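Note that the chains are named A, B, C, D, E and F in the order they appear, and that numbering of residues resets to 1 at the start of each chain.
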Amino acid sequence: MAANTDLPPGVDKEQVFGMLAMEMEYKVELFNRLAMACFNKCVDKRYKEPELTMGENSCIDRCVSKYFLVNGIIGQMLSAGQRPM
Amino acid sequence: MDKSMLQGLDGLPEEDQRRMAAVIEQLQVRDSMRMYNSVVERCFNDCVDNFTRKSLQKQEETCVMRCAEKFLKHSMRVGLRFAELNNLAATPDQSN
Amino acid sequence: MAANTDLPPGVDKEQVFGMLAMEMEYKVELFNRLAMACFNKCVDKRYKEPELTMGENSCIDRCVSKYFLVNGIIGQMLSAGQRPM
Amino acid sequence: MDKSMLQGLDGLPEEDQRRMAAVIEQLQVRDSMRMYNSVVERCFNDCVDNFTRKSLQKQEETCVMRCAEKFLKHSMRVGLRFAELNNLAATPDQSN
Amino acid sequence: MAANTDLPPGVDKEQVFGMLAMEMEYKVELFNRLAMACFNKCVDKRYKEPELTMGENSCIDRCVSKYFLVNGIIGQMLSAGQRPM
Amino acid sequence: MDKSMLQGLDGLPEEDQRRMAAVIEQLQVRDSMRMYNSVVERCFNDCVDNFTRKSLQKQEETCVMRCAEKFLKHSMRVGLRFAELNNLAATPDQSN
């Protein structure tokens, strides 16, 4: 998904813009889903205080890390299989 | 997204078909992206529940791979059935 | 929701494009929601194996069929009532 | 989507109002589509749970129709209340 | 989030259009999430009849009102803190 | 959305960078809007369950404020970690 900005002569600039915009959109969505998942997994929904506890904070750090790992595993599976989704 | 969504374009002149194809391709790219994000979300949610370490445990990894595999096979099967029923519905004489 | 490509003289081509694009978007969303619903209804979330079982496969086929039927019933209700949503 | 969303356009020249109206219409069409898809999803999820056959059973069909009917009536009522509160909030003197 | 249509001389009209379109989009999303939340909180999912009961109707009215209040509280918190989200 | 998403634009001429920056800004505004709507939805769902009156009760209000506060702090923390890992992944030599 990395954008290539070193264009070979024949490539349309509009396409590159489109791809970059898509990649941003992809990352925004990745971020939003990740944030939602980690909120659900890590934060106590009784809201006894407005601060995140130490336990919640370290849970969040690990959760983000694990989400990226899952993202990577599935990305590899897909590019290895070359399956169209 | 499947080919059957292209139906109804035959009547258009070539240039317009190209333009429409570009719109469709953009929808497809966006859709693949969403599909990718949603399989990751789904398999993370179903397989990962332990946050005492920041690396994945072996059984979490296995679970994630099976989950993704199943999800993709499911999507393909749904895609086939969807296309069949969608084509059926698009044939005017049989639509009722 | 069927697209009409036999244009009467006065109709704007841009509008037709807009409608076709909308219809694609509609079907993509229909597909995504249907796929999610049938995954939830039919697939065992313990992921004991990477293959879909025979039971899961036939559940999926029936699920897609039933989803289309529900889609049709509600579509008829709405067009009969002519209610704006 | 309700009419009260059009507020704030009065100051614009006619051509711009037309352009804005087109944007609004597109949002409305997209919104109806989503509403339609979401009532189908909701009623399918709440009413259909048996997958031993590929046709709907009578009580599933009844459930789906009542569900859709309720959903639409709910949407209309929410729309009315939403418009009232939205107009209230948009009147500057009463906004606090 | 109120749109300002009295433009100072230097302001780009395209930006105003963009902001108005964004505001519409914001309200559509607000409406959709609110409607979903109140349906979940107020409507009996057994669907014994096609009409909303009196109890459901008054629950809906109060639900919309409370949703707006929550929206207002969080809006004030955010604008007071000037935190970028 | 974080700054690290801007990587890869350095090679473009200035005018294109401006154009891309406009696209990014639009995504950011839309994203803030969604974030705002989703914190409201989340805190409403988690904190409000009594519909015998149309005003908020004191403890509901407290719950909503704590919830929003936590949600924002959570988002900021996730944003920091996300940026770190995202930058790591974007450095080609370390991507495997």
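The rule we apply is simple: a residue touches a chain if its C-beta (ideal position, glycine included) is under 8 Å from a C-beta of that chain, and two chains touch if they have at least 3 such contacts.
These numbers were taken from a predicted model, which means no experiment stands behind them.
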Chain separated most widely from chain D, comparing mean CA positions: A
Farthest chain relative to chain B (centres taken as mean CA coordinates): E
Intercentroid distance (Cα basis), chain B paired with chain A, Å: 18
Separation of mean Cα positions, chain E and chain A [Å, integer]: 27
Between chain B and chain F, centroid-to-centroid distance (C-alpha), Å: 26
Multi-partner residues of chain A (at least 2 other chains): 25, 34, 42, 61, 65
Shared interface positions of chain D, touching two or more other chains: 34-35, 38, 47, 65, 69, 75
Chains listed in ring sequence, where chain B comes first and chain C follows it: B, C, D, E, F, A
Of chain B, residues touching chain A in the complex: 26, 29-30, 32-41, 43-45, 47-49, 51-56, 60-61, 64-65, 68-69, 72, 75
Chain E residues touching chain F - in the complex, by the definition given at the top: 18, 22, 25-26, 29-30, 33-34, 37, 40-42, 58-59, 61-63, 65-67, 69-71, 73-75, 77-78, 83-85
Complex contacts: residues of chain D adjacent to chain E: 1, 5, 8-12, 16, 19-20, 23-24, 27, 31, 34-35, 38, 42, 46-47, 63, 65-67, 69-71, 73-75, 77-79, 81-82, 85-86, 89-90, 92
Residue ranges of chain E in contact with chain D within the complex: 2-3, 5-6, 13, 17, 20-21, 24-25, 27-28, 31-32, 34-36, 38-39, 42-43, 45, 47-52, 56-57, 60-61, 64-65, 68, 72
